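Same chain, two partners: chain A is paired with chain B first, then with chain C.
Take a look at the complex of A and B:
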């Protein structure tokens, strides 16, 4: 990935190609989503009409909503709207999809960003502590903690955190959401436990990856041996050299994890009653509200692709070799 | 002896004190006493249900009825005691031939957008409910051919082609009686459900659709001095556990739609009160009488005989439900008692005999694909197996189940239909071959005649007697077998007072108030 560009303008020169790829990924995801949701049994008409609908009513509403057109035709119709900046409206309540998504996306993004922050902030010191004595008590304890986080489903962890911090200690509310603009402190209070729950898995990934990479460098890399031979203190080697080098693979991991987190927030939002995009997605899938599902998916796909794009570009900032490689090419 | 008594009393007093002061540090559990005070706010949580809009006249009218009833007032109202009383209609009266109903409206009522509430507004709303172009919602509870006339500013005449004695109940307990602002409906068109305007005690301030609705007090509410609360927040959570924990932590004052499992989990918590009302709903397995195996009444009855409702009530529902033999619960005036003559109540030998007679019985049941329903059906499956009946569980999306059952593409389907007190609204549409969707496909002229009689005969006692016969006829022909009745339960803490909880899934908030501000 880092060597294949061949462009002379460095990392930014490859941007147009990247964006083209971004668009095609998002397009592919939308097409797949559209096919999948239409493959599900039932349609929005039966979901909307409810308990006492007659088959005639279902047929009438299906026609009224244009759901009797062939699937490719409907996808093209939708796509045509998107190119004109119109994501369509909910089939259930006519709310413009943009409104529904825009209202909730900041909430989910805040959760994901906070979770990443928590995970990174905890994983770096944990990895450094663990790698100081590989195989030592601290290393094994931290390893155990990481693996138990990986093994614990988020709905369980969320409930445990609620029991301890919200029910027993009463430090945080059990559920709910206060918008940042309304009350920043309250916002952090409501966001803390969901973000913490969400952070558990990436914390485990990051700390394990970082620890493993640092341990390998400490034993194998020549520059470490050289530095130690020159009498550089172990602490300085760890922080100034090894950690800096190991940040690189972790960044890749952060990018990959973002997509996991957006997916994971579906569960976490549901446990903590956070009005984010995850709950919207679940509700609209249940009611077969295709435009809303697609709208949400477009945003999730775009967010994941953009984050990975940014991280790709950051490689160059962290590791000058990449910039040089491209300059050479 | 005396010392012991004194000691016991001391302990008791200490316990009571502890009970009263428990958790008072947070200020959430202080029991308000004395007169209602104005001000304050409350939060209500629910799980497993949400809303897509707050329109009263579109399909799938929101299953969150308390929200609708906070924003809208009804023409008539159901009281917690199950009586129907005037509300926005200050009085209602039928003509001698029972073919026209006159409503005299409350004067000086204004929608929260300033539109006056008058006879024209009532006409607008009722006609919107029966409009065939309007996607049908609860409008089916009104006869399709009613005529609505605005006689003068405050008098409305509803004309019928045949008597409909369930009309007051429809106006009081379903969404058809809730009055929306005609101006707002016309202004917003298809998006009206996101911008609801009624005359109710609260107004929608903001919402995240289906997740959180913030209501503020209607300062010009027509009932003077009400509501007491300044703000109400209604939140839908993804899990029943987090809803219960939110309530326990003081993050909410009321939990709506409490399932037996949560009721049981909250049993030991002295700070919470379980509000129980007699059930209207029943948990039932609807049978398709138009095709095998349930076109044979013996197969249908064998199912009834094989189901041990007592055991289900204890093992599955923690004793919060009762066995039932009628299609409507004890909360309805039409309920005819615990037993209904002719119903195939649990009798394993009888079940086995019938199964043998028809040469074995196996079928598939459509069930909503949520864990609690699947668990219930697994228990039923085990019971049926004892009688030699083989039941396959077909877990489907709720919307798919509804579509299949109402197009009669099913053998059996499990349902808990939200309860209404009048059998004409709650029972008839499912079994009358001359009206309604009749998903059972039953063609029984006797039953049809009884339903018609129940609909057109005046007087509650006379109607109750007719429905007793109708339920006996249903027990005999068995188009449906029952698992239990299903009451609507809520949990609340002691901070909030004055909520009027109904037997239906509605509660009224205008008299609610909170202490400890």
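Take a look at the complex of A and C:
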């Protein structure tokens, strides 16, 4: 897809096109989720009330939810509400969906941020160590570790971590959540294992990408040969030149992983009983709380799209080479 | 009107078929393939041939026996069911959903991507928008939502898992089609007036199938992970029917005193996905080296 503005210079030149695309994608996300949830077989009102409900109760709830209107009309009504910041309210406890989401955002954000931090903090040194001697012991160990992480579903890793660190060693609580404001240390204790679980897959992606990119630069790039010829120590070449250049592909990867992390947080939050957005989603799916499911899914997808846009733009800020004609993927 | 002279006809023929002839690296791919075949045989054929205890309806008196108990080599679960039997029957779900969803993703995604890449224009724009929208959802969340609203069954699980495979496969198909489209023999075929459906079938599909198949093998592992996660969260196959995911979910409650209830199905899943990823990566490396 070309944006037509190949000659536009500057970081923000392409912004209008991107925003347009963003808006169209977010609109599509809303439409798809709404249709998915409302048009699939099964009557929402019956599902909410259960099999024992009388026809009158079903009719009353149907009218209350506006389910008797045609789907396009309902979609427009809902979309109109969204523009006014009204995502509807929960069928279970009448709490406005936006409040429920807003309450739980900080928790999920904390987990995701911690997981990213763990993953990056571990992947950078691991990749540097591995690339110092490609094919060496450390390289193989890192390869094996990241390979196994990619083959382990996060719930399995979470359960193994609970088994080892919470049940056998008793270093961390098995599950539960202490809010940061209440007890910062306790908060970190409860957040540690979930964040570690969440960090495994991104760690594997980051370390593989970094290692491959750095190895490629060390063998192919002329500036490395020049630096070596000048007698720059290998360590300095690695850290000052090669690692710096490898940060750019890493950033794209970080953007791509946010989606993965948010998806993963559903699983991790439900294993560790962390009251974040993921747990909210699972709970409302179980209780058939349609407005909450709709709100949460749309919120998550929109957030992922926006984060990727921001990262895409940051990429342009950091690396001037791609400001000009960087083809849309 | 272009007539087919012997010269243009020879241009319209595809170049000698480039078969996948990977340079096997240190037998990795063979080992992985052997493990996969062994696992599939164990899940689909062994229960038919070897007299195993039934996967459900076990005896509560035999509950929570540890592995290596006589008669129950991998132990029993909280309801006294044999873990080996449950793991083998449960593996069928992983294989069926993983392979089924991958096939749907390959066929639907491959076709849509090929269409977008070959036709261009508004078809490409509409499909591109659709793929962007689908890719905006974290894979698991899309699968969760669909699975929840379709209801728990094997078939629905396949649909739920395949949804996220479609856009990713379509993107690869689109990119490969766009580069294949520029090849001389395809341009020649178009100029020679070969019908579009024939070009797609005879020229484009053989050219894009190799990257797509490699990608599909790698995606199959992800599909199995998503399947296990759905089952674990209670949105896949419901107990007493076993699947690796729901076995681990029921084992979670007794993690402290009967960890094998999680670790046994976990090991089966881990080995299968390792083998799949290893196979996919060796094939990709072999392709890249060519």
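Just so we're on the same page, the second predicted complex is superposed on the first by the 281 of 329 C-alpha atoms of A that agree within 3 Å, B and C clash if a C-alpha of one lies under 4 Å from a C-alpha of the other, contacts with A are read in each partner's own complex, and residues count from 1 in each chain.
Note that a residue touches a chain if its C-beta (ideal position, glycine included) is under 8 Å from a C-beta of that chain, and two chains touch if they have at least 3 such contacts.
Predicted, not measured: the structure shown is a model, and the values here were computed from it.
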item	value
Superposed partners chain B and chain C on chain A - clash or fit	clash
First (chain B), second (chain C), both or neither touched by A:85	neither
Which superposed partner A:271 touches (first chain B, second chain C, both, neither)	both
Partner chain in contact with A:135 - chain B first, chain C second, else both or neither	neither
First (chain B), second (chain C), both or neither touched by A:159	both
Chain B versus chain C as contact partner of A:95, first or second or both or neither	first
Chain B versus chain C as contact partner of A:231, first or second or both or neither	neither
Chain B versus chain C as contact partner of A:300, first or second or both or neither	second
Chain B versus chain C as contact partner of A:167, first or second or both or neither	both
Stretch of chain C, among 20-28, 38-46 or 56-64, that runs into chain B once the two complexes are superposed	56-64
Chain B/chain C common contact set on chain A	40-42, 155, 159, 162-163, 167, 270-271, 282, 286
In the complex with chain A, residue positions of chain C that touch it	124-125, 128-130, 132-134, 136-141, 144-146, 148-151, 221, 225, 228-229, 232-235, 248, 252, 255-256, 259, 262-263, 266, 269-270, 273-274, 277-278
Contacting residues of chain B [partner chain A, same complex]	26, 43, 45, 50, 52-53, 59-61, 135-137, 140, 190-191, 193-194, 208-212, 235-239, 241-243, 245-246, 248-249, 251, 396-400, 402-403, 406-407, 417, 429, 436-437
Chain B partner contacts - residues on chain A that touch it in the complex	40-42, 46-55, 57-58, 61, 64, 89-90, 92-95, 100, 103-104, 155, 158-159, 162-163, 166-167, 170, 173-177, 269-273, 275, 279-280, 282-283, 286-288
List of chain A residues in touch with chain C within their complex	1, 21, 24-26, 28-29, 32-33, 36-37, 40-42, 147-148, 150-156, 159-160, 162-163, 167, 259-260, 262-264, 266-267, 270-271, 281-282, 285-286, 293, 297, 300-302, 304-305
